[in-house]
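Naming follows writing order (A, B, C and D), and every chain is counted from residue 1.
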Amino acid sequence: MSEAYFFLHNVWLVPLLPLVTAAIMLLVGRRLTNAAVSLLCVGSVFASFVFSAGAFWQLRGWPGPPWPERVLFEWVPAGTFHTGAGQLANFTAEWGYLLDPLSAVMILVVSGVGFLIHVYSIGYMGHEGGYYRFFGYMNLFMFAMLTLVLANNMLLMFVGWEGVGLCSYLLIGFYFLRKSAADAGKKAFLVNRVGDAGFLLGIFLTVATLGTIRFSELAPAVHAMGFELGAPVLTAIGLLLFVGATGKSAQIPLYTWLPDAMEGPTPVSALIHAATMVTAGVYMVVRHNMIYQLAPLALEVVAIIGALTALYAASMGLVQTDIKRILAYSTISQLGYMFLACGVAAYTAGIFHLMTHAFFKALLFLAAGSVIHALSGEQDIRRMGALWSKIPTTAWTFRVAALAIAGIPPLAGFFSKDEILWKTWSREPAPFFKLLWLIGAVTAGMTAFYMFRLLFLTFRGSSRVPPEVERHIHESPRSMTIPLVALAVLSIVGGWVGMPAAIGDYLGLGNYFEHFLEPVITHPGAPAAAAATGAETAPAHHDPAEYLLMLVSVLMALGGIWLARLLYLRRLELAERLAGNWNWLYRLLYRKYYVDELYDALFVNRTKDLGSTLAAFDSRVIDGWGVDGSAWVTRLTSRISIWWDTWIVDGLVNLGARIVWFFSYPVRLLQTGLVQSYALLFVLGILLILAYYLRVMTR
Amino acid sequence: MATLENIVHHPFFLPILYGVVLVLVLPLLIGYLVLLERKIMADMQARLGPMRVGPHGLLQPLADGVKLMLKEDITPTEADRWIFWVAPIVTFTAGMTALAAVPFGPGFQVADLNVGLLFVVAVSALGIFGIVLGGWASNSHYSLLGALRSAAQIVSYEVAGGMALVSGLLLGGSLSLRRLVEAQHGEGAWFVFLAPVGFFIYFVASVAETNRAPFDLPEAESELVAGFMTEYSGFRWVIFMMAETANMIVVASVATVLFLGGWLRPFASTRELDFLDYLPPLLFLVLAAYCFWRTPKQPVGIQKGVMALFALICLGLAGAEGWALTLPADSALRAAIHGGFWFLLKVFLYLYSFYWIRFTFPRYRFDQLMRLGWQFLIPVAIVHVLAIGSALLLRQRAGWGLWPAMGLATLVTLLVAAWLAGGKERPAYLPSEPGG
Amino acid sequence: MMDLVIFYVLAGIAVVGAVLTVTRRNAVHSAVFLITALMATAGIFLQLRAEFLSVVQIILYVGGIMVLFVFVVMLVNLDVALRQVQFNRQKWVAGIVVLGLAAQIVFILTIGRTQDPGVLGVPPTPADQLSPNTEKIGMRLFENYMLPFEIASILLLVAMIGAVIMGKRRI
Amino acid sequence: MLSTGHYVLLSLALFTIGVIGVLTRRNVIIILMSIELILNAVNINLVAFSRHLGQVDGQIFAIFVITAAAAEAAIGLGIIIAFFRNRPTVLADEMDMLKW
């Protein structure tokens, strides 16, 4: 590569740098001072951010597909085999990095937000034990996530996939002395396993079908094989991959781990469980869009699941009282939005929302963390309130984020969410997608409601903080507030890069984001591609319905905010009464639809029962009858053989010995064991020999 | 007269004569060596030493001799009588016998064996038996321990000493002591200059073999009362002491013959320094003059007489040496007289160094002694022998000069010795058996 | 004449020493007498013009081996050993057998001698054929008997190591 | 003049005495001494015949015999010491532990 593409050429450094520091931390970190740890880790992440930015910049000058691909080494040279279709394919998985606009955006988001969160962690984790361990895990996560998004084939992507799962496990269980944390970590890991199994099966099916797993070859392979629209194999692949996505991105039915994952430190929740890892599923679906394009059924499933998850999680978020759990449910529902976008083939919208969501959700978490920090560990919003003036920076940034997620123009959330809703509305067949649009719109309202419920309960109203905590409430250190501000700015302006054409054209911006991602999701020669992508459906002269929808969603958001204000700021007793009258609903939501209990009853306890049954089988049958029984038999037989040995075999031996002894006794008298008698004997021998010699000689 | 001629020219005449002279002179010599030792010790300790008997205690040996003769000779009960009785004699005889092969001068020698050196070594090795048997026979733990220690020590150091002697032998190319001296005359250099390391090793080994300080473990007063001599008293004790001193004289003579050029005067092979021949008579003259000068200063008349007697003796010796000068340069008698002087001078210097280190060095511990012997001296001696052998090969085959070859050998040996000595301290080595 | 006297004296000492060695009750005494016998043998070697060998005999046997013996005797010294029976049960048989053997040999040497009577006569060669003794031995040893010499050195080395191992407190 | 026979007879006498010692004494150390005596007798024989034949080979063999004797003495005495540590006896007919 020429110097012009320096960053593109060295894109492999982006994941490598955090890996190196992670290795240092986990090997010798114990001996380093906190300052050195912060310097190394944050520095490495910053360096990889710089490289990502550089790569992104240089990619804009790239002529277009094929996209720069850097293969480090041949990883799994598995050799040739016959695909399902029967033609010969050569399966190789190399350790290579592919940098196309999609992954460029992703690494930019990941490394940027990751860098800010690292900076934040310096202040937040400053007083915690295991500082080096925390940062080691964080950097390891950065490595895994960047590998995930930069991978040029499904297998390497899966490596990153598992890596982020591992790091999420390690970091959720960071306070491993607390049982709940350890359990949460295990839960996350196990639930993810289910999804990963789906992903893995998807990969296998892909290999067996298309004979390749390189993203750059997937689309050509698909089109070369000439699958018609809705080919069952592709549908199967899409669904399997989507199972993996649900696991990682906490969609129905595999979402239960995410709320518990809030046991981890807040920066972890912000980085892993809000900004980056949980969005891996979305990224994965988008990455495989060329398959989904030909599998409308899979797409519809994705859309339905996404929409339902959005509504469902939002409804649960309405009544939660733990500040981080509320954010977790909102994360789930936002992820639902993204999948809805993918489901309506508005991939760019999905990625766009992913990006903006990364900004404001990370900001929300960090701000929440700052609140918790200020209240020295308090997480229950019922014991907060009236923090507005006490921690102004946190409050302001939190409000910005809340507005952004609620979708108030011109903040980031508005554009992305509105894009999704519009794409959903304008998707055929109309009635079905109109219904999905309705769900999305309601969810938008609920989102605004619970976000501002949270906002009011936390910052406004009368203080319910215990006095002893009250005394030392303090604004967080600079290292924490600066990332807050930066993220706030991002969540304001972040959306402008993707203004819908309807507005952008008038401002002369156009939907830059969509155009940038265009080449990734449109494939030359793809049948029905033109019909599928929502981009083309947007007519040149903008449909007035689009503006109407914008208005509706904004009104929804405002309504939600107004309701929250009414209930939680003006007339608290009204909320009480509401909860009282609709007690069953309240309880149902509060207990999260009893899904955890359901899963416990269905899977967990059954598994435990299976285990105990097997244990019983082991101890009773195998040990009891098998081992002990055989031991008993052995004892019996050995008794017999002892008798036999003693009386028959030894008897014979002794008999022989006796006989030999009897006959050898006289000879034994000769064997005195005294050297001198032997010497005497051979002197005697000499004497006799000489005597014989003399007789012969003198004859 | 003819009979006298026959007797004089009978081959056995000279040896017997020398033997008788030795037997008569040696006790006196030993007595005065003891006196010398006491005087030197006193001098080094800023004392006067024996001053009572005779002028400056000159008659002390005689007095001691008489006293010890008259002392009661105790034999412990439970002692093994006849071994107890025979042990000192064995030791003393060994020492005396060894002297038989020592050439005090050219021809001034009881027997010139062609295996003389081996003979001396062998016979002096017999001395151990006297010590061991005596220590064992006296049925006392001190004695037994002393005996065992002494035997172990002597056997151990005989190896190193023998090796050192071999290094001299290689240079001399003969086992006959006389030829060794002549070889040094021929080389024009005493072997101590050609093989200094060998000389040093032999010196240490000889100190150990004669149970002298700092290696006097067998008779360490502070540890075992008097070692193997604890139970001895009176005349037997005298014999032991004489044997010890005789052994010292033997090792000193061997060293003198092998390394210090025997009876040769310094620079014997350079004619320009012949005036050194006038040294002996002058020395004795000075002594005589001193004695005469001291004579009137003696308090008692007897002492005046004794002093005068010594003066006369010195004068007589001076006269003898001077008369020898008048003889033709190649006459055997002159050589014998002068050679005897130089030889005895060197022996005295060697013994003086014995006394010197005795009064200056602290006593070794037994394991240190053994480690020094087995782990340092013997390896160095072996290496030295090899080095000298190779050096001689260089001289024969490669035509090197004598001095560079020997210098190289010495250098190599010193390097090895430095390496050995530089090695870190080994754990204390306590022999469970002699030489084990 | 002189030779005869010397020989008989030495031989007498040797034989008597040997007899006493074998018969003494106390091991130390036996050692002393053995030393005497060995010294006498050394003298006989001297008379046989084997000066080197006689000196070697004294150095090695008397100076080395016997010291070792005396040592061990002192280490292993048992007073009970003095009071025990010194000869074993087979002494008479053994004595008779060995004397018989000796008688046979004497018979062979004297009466039974048939061919080459000169073997036991006066040595035909002049005495000084062996001198200079040391040089001759050295030459012969290092020219014709190099290999046996080396083997002997190996033997000594092995013996030394073996003795050290034996001497260790625990093997 | 002295005939070789004298020496041979002397060595025979020493040999006989040594063998008797080996066969009859109970004290192991004295047995070893008797063995030395035997070897010594052999040496006398060798030297006598070397004188008789006017060759030094006999003396060289004697040297080898002495070497062997030294080795034998060292090892034998070592064995005795080692044995004595285990069983305080020096009597040959009590050293019969290998018999039963």
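Assorted remarks:
Keep this in mind: a residue touches a chain if its C-beta (ideal position, glycine included) is under 8 Å from a C-beta of that chain, and two chains touch if they have at least 3 such contacts.
All values derive from a computational prediction rather than experimental measurement.
When the C-beta contacts at B-C and at A-D are tallied, the pair with the greater total is B-C. Centroid distances built from C-alpha atoms place A farthest away from chain B.
For the pair chain A and chain B, the distance between C-alpha centroids works out to 96 Å.
Taking each chain's centre as the mean of its C-alpha atoms, chain B lies 32 Å from chain C.
Centroid to centroid, with C-alpha atoms defining each point, chain A and chain D lie 92 Å apart. One inter-chain figure worth recording: chain B and chain D are separated by 36 Å, centre to centre, where each centre is the mean of the chain's CA atoms.
The residues of chain A that reach two or more other chains are 674, 676, 680, 683, listed in rising order. Shared interface positions of chain D, defined as residues touching 2 or more other chains, are 19, 23-24, 78, 81, 92-93.
Multi-chain contact residues, meaning those touching two or more other chains, occur in chain C at positions 52, 56, 64, 68, 71, 75, 88, 90, 94, 97-98, 101, 105, 133, 163, 167, 169.
Every pair of chains in contact is given here: A-C, A-D, B-C, C-D. Touching chain C in their complex are the following residues of chain B: 80, 83, 86, 113-115, 118-119, 121-123, 125-126, 128-129, 132-133, 136-137, 144, 147-148, 151-152, 155, 158, 175, 432-434, 436. Of all residues in chain C, those touching chain A in their complex are 88, 90, 93-94, 97-98, 100-101, 104-105, 107-108, 112, 114. Remark: chain D residues 1-10, 12-21, 23-27, 29-30, 32-34, 36-37, 40, 43-44, 47-48, 50-54, 56-57, 59-60, 62-64, 66-75, 77-82, 84-85, 88-93 touch chain C in the complex.
By the touch criterion given at the top, residues 19, 22-24, 31, 92-93, 95-96, 98-100 of chain D touch chain A in their complex.
On the side of chain C, the complex with chain D involves touching residues 3-4, 7, 11, 14-15, 18-19, 21-22, 24, 27, 30-31, 34, 37-38, 41, 44-45, 47-50, 52-53, 56-57, 60-61, 64-65, 68-69, 71-73, 75-76, 78, 81, 84-88, 90-91, 94-95, 97-99, 101-102, 105-106, 109, 119-127, 129-130, 133, 136-137, 140-141, 144-145, 148, 152, 155-156, 158-160, 162-163, 165-167, 169, 171.
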